[in-house]
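First chain A sits with chain B, and in the next complex the same chain sits with chain C.
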Partner chain A sequence: MRRYLRLVRIFVGATLSAQLEYRANFLGAVLASLGEVGVALLGISILFGQPGVTQVGGWSFREALLVTGFFMLTEGVISVFIQPNMSKIAEAVRTGNMDFTLLKPIDAQFNVSTRNLNVLRFPDLLIGLGLIGYAASGLEVTPGGALAAAVLYGSAVVIVYCIYLGLSTTAFWFVKTQNVTELFSGVFGAARFPVAAFPVPVRFVLTFVLPVAFITTVPAQALTGALGGGLALASPLIAAALFLGTRWFWRYAVASYTSASS
Partner chain B sequence: MRALAFKARVLFATRFAEMAEYRAEVVIWMLSGTLSLVMMLVWMAQAAAAPGGQIRGYSAPEFATYFLSTWLVSQLLVVWVSHELDFQIRQGTLSPQLLRPVDPMWLHVASHVAERLVRIVPLLVMVGLFTWLSGASFTREWWAYPAALGLAALGFSVRFLYEYAIGLLAFWTESSASFQEVVWLVYAALGGMFAPLAFYPEWVQRVAVWTPFPYMLGLPAQLLAGKATLAQAGRGALVLLVWLAVFWVVRLIVWRVGLRKYGAVGA
Partner chain C sequence: MTGDRGGAGDAAVRVRDLRKGYVVHEKEPGFLGSLRSFVSRKSRVVEAVRGVSFDLAPGEVVGFLGPNGAGKTTTLKMLSGLLHPSGGEVRVAGFEPGRRENAFLRQITLVMGQKQQLIWDLPALDSFLVNQAIYEIPDAQFRATMAEFTEVLGLEGILKKQVRKLSLGERMKCELAAALLHRPKVLFLDEPTIGLDVNMQESVRAFVQDYNVRHNATVMLTSHYMADVTALARRILVIDRGEVVFDGDLARLAEQGGGGKTVRLQLRRPATPEELGRFGSEVRVDGLSAELTVPRALVSERAAALLAELDVADLTVEDPSIESVMASLFGARAGQAGQPERTPEPA
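Here is the complex of A and B:
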């Protein structure tokens, strides 16, 4: 365990020093982050700006803003921690560089999942947290609610990571998996609104088929105290099941890896 | 003239072969642009829940029609040239293209047009499926279809040129992808992907009419939904033509100036 913590420190140091070479990009990245939050806010304010609309699917503006905050935060988590690592799996399989990863005396899944960071998108995390803080400041939030939200958001991050890893692991068989993660981003776009804002059949799909509801809606509900016990329990269970499932899938994929020349 | 026709045919035939090879990816790219569809579902649920079943005169099926139309048009406007230029300039793979006796822009034009042909069949199948699922109904006026297609073609040309200019910024900076992202967001917002433009705050609408975005995306969508007139389409086409001329010149200038900066092995 101590060894892995030390490795994380080394990885972070290495990726930071590599990216600080391109400091000038930071400005562009900040611009992109601001644009993204601006558009997210425009979307939600148009929705609530119509005459006679005070709530969407039973959610007030502040509550929906909370969901937008969790959406931005998750976008940040994906682009800072998850995407930079997962996008390299397919590349490594294609070029055969996966050999080096597998030869190292540490867990290969740990290595491919933590090696890289995209610090340029760090502002996304701050913007997401800022939005959540702003939205929550106008709502009644109990300490218990905040704690539950934090825990449930943790399992949301695990769910997102597992979906990404599962999709990227298919690279061991299909080389062009970059596109499959695109598909996830497409579905994830629905997470910018509470699931209650969708028609009933879609709501069902977003909760039980594609676990989008657990990523943004459930933590937001936990924060406002509107969450039922069933969903609160389901989220960590799904996260755990997905984690074990992708772990198994990853090992299975690595076992059938035959390097690049074959 | 015959040489030109020959070049065009070869370019197009090779690009088409390449894109047909990527047909599975083309379908996945189509499905990754879901913003219109997400907004469609949200607005439909909103209209269904509203008293009278309408918001600003839009019922749920009308929302479905509008957003499916924007989705369809946005699929015709897809441009990825800036990513490609960014890559080519940084990696230096632009160099061999400079040796060819045609401006590399036409290579990309051929790619995009060929990809559109590969895209059209699955696109129509999906639009048919979504229409059936959502209860959308498109206009029965025949003239709306060529008019919308014409606007989409103009819109594509405008978008292609400004995206090309953004991609060429890679001659100077590593962040052209970020600029591209910001411009995409403005395009999506002012094009009317979140709602019909009339739903936007007053000041946003006033800004939007001076940009090309509402005419390339929102207007053809409204034509397909039967909510815009031929006169509006004509005016939109004029605005797009002006922007087309502007971006043509801009692209040319950025290309000429940038090329002088290019070090051939990567900028």
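Here is the complex of A and C:
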């Protein structure tokens, strides 16, 4: 375990130094972050902006803003930690550089998941946390609620990671998978609103088929104390099941790896 | 060398009846073909490696030759654990490579001349530090190895340049260093000198040789450049269409392949090809120099006849170049020494 923490430190150091090589990129990344938050805020201001609307699906403006905050935070987690690594999987399979990863005496899944991070999208994390803080300041939040939200958000990150890894792992057979992760991004866009804002059938899909509800709505509900025990328990269980499932899938993919010829 | 794992006299590499079949998709050329194959793919199994067996002793250097698509890279990938064999048995350093145990991976390396593991935007030294952490190389050993590699490969001054700014040769040196930093006991080198100029090829060769001697490492090497093989390996394995067609030393390969020796003549008086044709085949005349191939068993007899019947200033007898041996082994047109572009793609 300590060995892997040390490796993370080394990997982070290397990827940070590599990105400092390209300073001009930074401005573009900041603009992208501001664009994201703009779109998200525009969405809920349209929902709540009509005269006389104070609630959507039982969610007040502040509560909905909380969901937007978790959405932005998750966007940040994806663009800083998850996507930079996952997009490299398909590339490595296509070029054959996956060979080097598989020849290293460390866990290959750990290796592909921790080698890169996109420091430029770091502001997304701050914007997300800021939105959550602002929204929560106008709501009643108990310490127990905050703790539950933190734990459930942890599960949410695991769920997102697993979905991304599962989709990216298909690269071992399909080689190019960019469109598959785009598909996830599209569906994930629904998470910027509370699931209650959607019609019942869509809500069902977003909760049980694609567990998008667990990523933003569930932690937000936990923070405001509006979460039932069933969903609170379901989230970590789903995260654990997905983690074991994708780990099995990853190993299966590696075992059937055919490697690009030189 | 048939002992089981753990014995002192173990082979470093032991391969028995190794097989690998691939499922490949076939596609007609052109857009319509692509469309057809997108909708329904036709596939068949190609046997890339068909019952290969050999042993390598610890410290042995073996040249692994064969035409393109003969199964060399597939074999190396099975030996390093990247591909699972479809049949047969492999043992490398006492391990079953396909299981990819960490203890096994620490003892081997695979260098692929056409792929790179160095981090593109950072100096090579950063990649070395990453590998140091991955292989848990103690600091003292890391410094000693770096000092050794820096000296033998001449890395001085290029370690702190970004990899993307290095020349191909410099980058390959760094790739080699990165791949051998953990001091593996078994080296699989797939085209380590491809694309390098002659000087760089030589320094890569010198480095591999030095490492082999210093660390008693087993080396299995494929290369397009016969000079790599003749300089490094005493033993040659030739593979064709997935089967080992030759396993033995260089000299024996020359015998088996060509069956003849090359006689070079320096004449005092010009001779016609017809005149020389009585003494051997493949006669080439260029002014006062001439060259012909003579069956191995008749060399001394024919040389004596040549000296007696023609006005010869100088006569030398040489083994045929490995290029021409390979060419005749694979039924290609006979290659000519000094014309490397005729090399029958041995890797």
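In the analysis below, the second predicted complex is superposed on the first by the 261 of 262 C-alpha atoms of A that agree within 3 Å, B and C clash if a C-alpha of one lies under 4 Å from a C-alpha of the other, contacts with A are read in each partner's own complex, and residues count from 1 in each chain.
Everything that follows uses one rule, which is that a contact is a pair of C-beta atoms (placed from the backbone, for glycine too) under 8 Å apart; a residue touches a chain by one contact, two chains touch by 3 or more.
Being a predicted model, the structure only gives us computed values, none of them experimental.
Partners chain B and chain C, once the complexes are superposed on chain A, both fit on it without clashing.
Once chain A of one complex is fitted onto chain A of the other, the partner contacts of A:Phe11 are limited to chain C, with no touch recorded for chain B.
When both complexes are overlaid on chain A, the residue A:Tyr257 reaches chain C alone and has no touch with chain B. The superposition-derived angle at chain A (between chain B and chain C) is 90°, Cα centres, a multiple of 10. Look at A:Ala226: by the touch rule set out above, it reaches neither chain B nor chain C. Touch criterion not met for A:Leu244: it reaches neither chain B nor chain C. In the superposition on chain A, contact is made by A:Ala190 with chain B only, not with chain C.
When the shared chain is aligned, chain C comes close enough to touch A:Arg3, but chain B does not.
Applying the stated contact rule after C-alpha superposition, one finds that A:Leu42 touches chain B and leaves chain C untouched. Legend: residue contacts after superposition of the two complexes on their common chain; A:Thr95 is shown touching chain C, with no touch to chain B.
Figure legend note: chain B and chain C, brought together by superposition on chain A, show a least Cα distance of 6 Å. The interface of chain A with chain B overlaps its interface with chain C at residues 22. Partner chain B is touched in their complex by these residues of chain A: 22, 24-25, 27-29, 31-32, 35-36, 38-39, 42-43, 45-47, 49-53, 56-57, 176, 179-180, 182-183, 185-187, 189-190, 192-193, 197-199, 202. Per the touch definition, chain B reaches chain A in the complex via residues 25, 28-29, 31-35, 38-39, 41-46, 48-51, 55-56, 173-179, 181-182, 185-186, 188-189, 194-195, 199-201, 204.
If you check the complex, the residues on chain C that touch chain A are 22, 73, 77, 80-84, 100, 102-103, 105-106, 108-110, 112-117, 119-122, 126-127, 129-130, 133-136, 162, 190-191. Across the complex, chain A meets chain C through its residues 3, 6-7, 10-11, 14, 17-18, 21-22, 95-97, 99-100, 102-106, 255, 257-259, 261-262.
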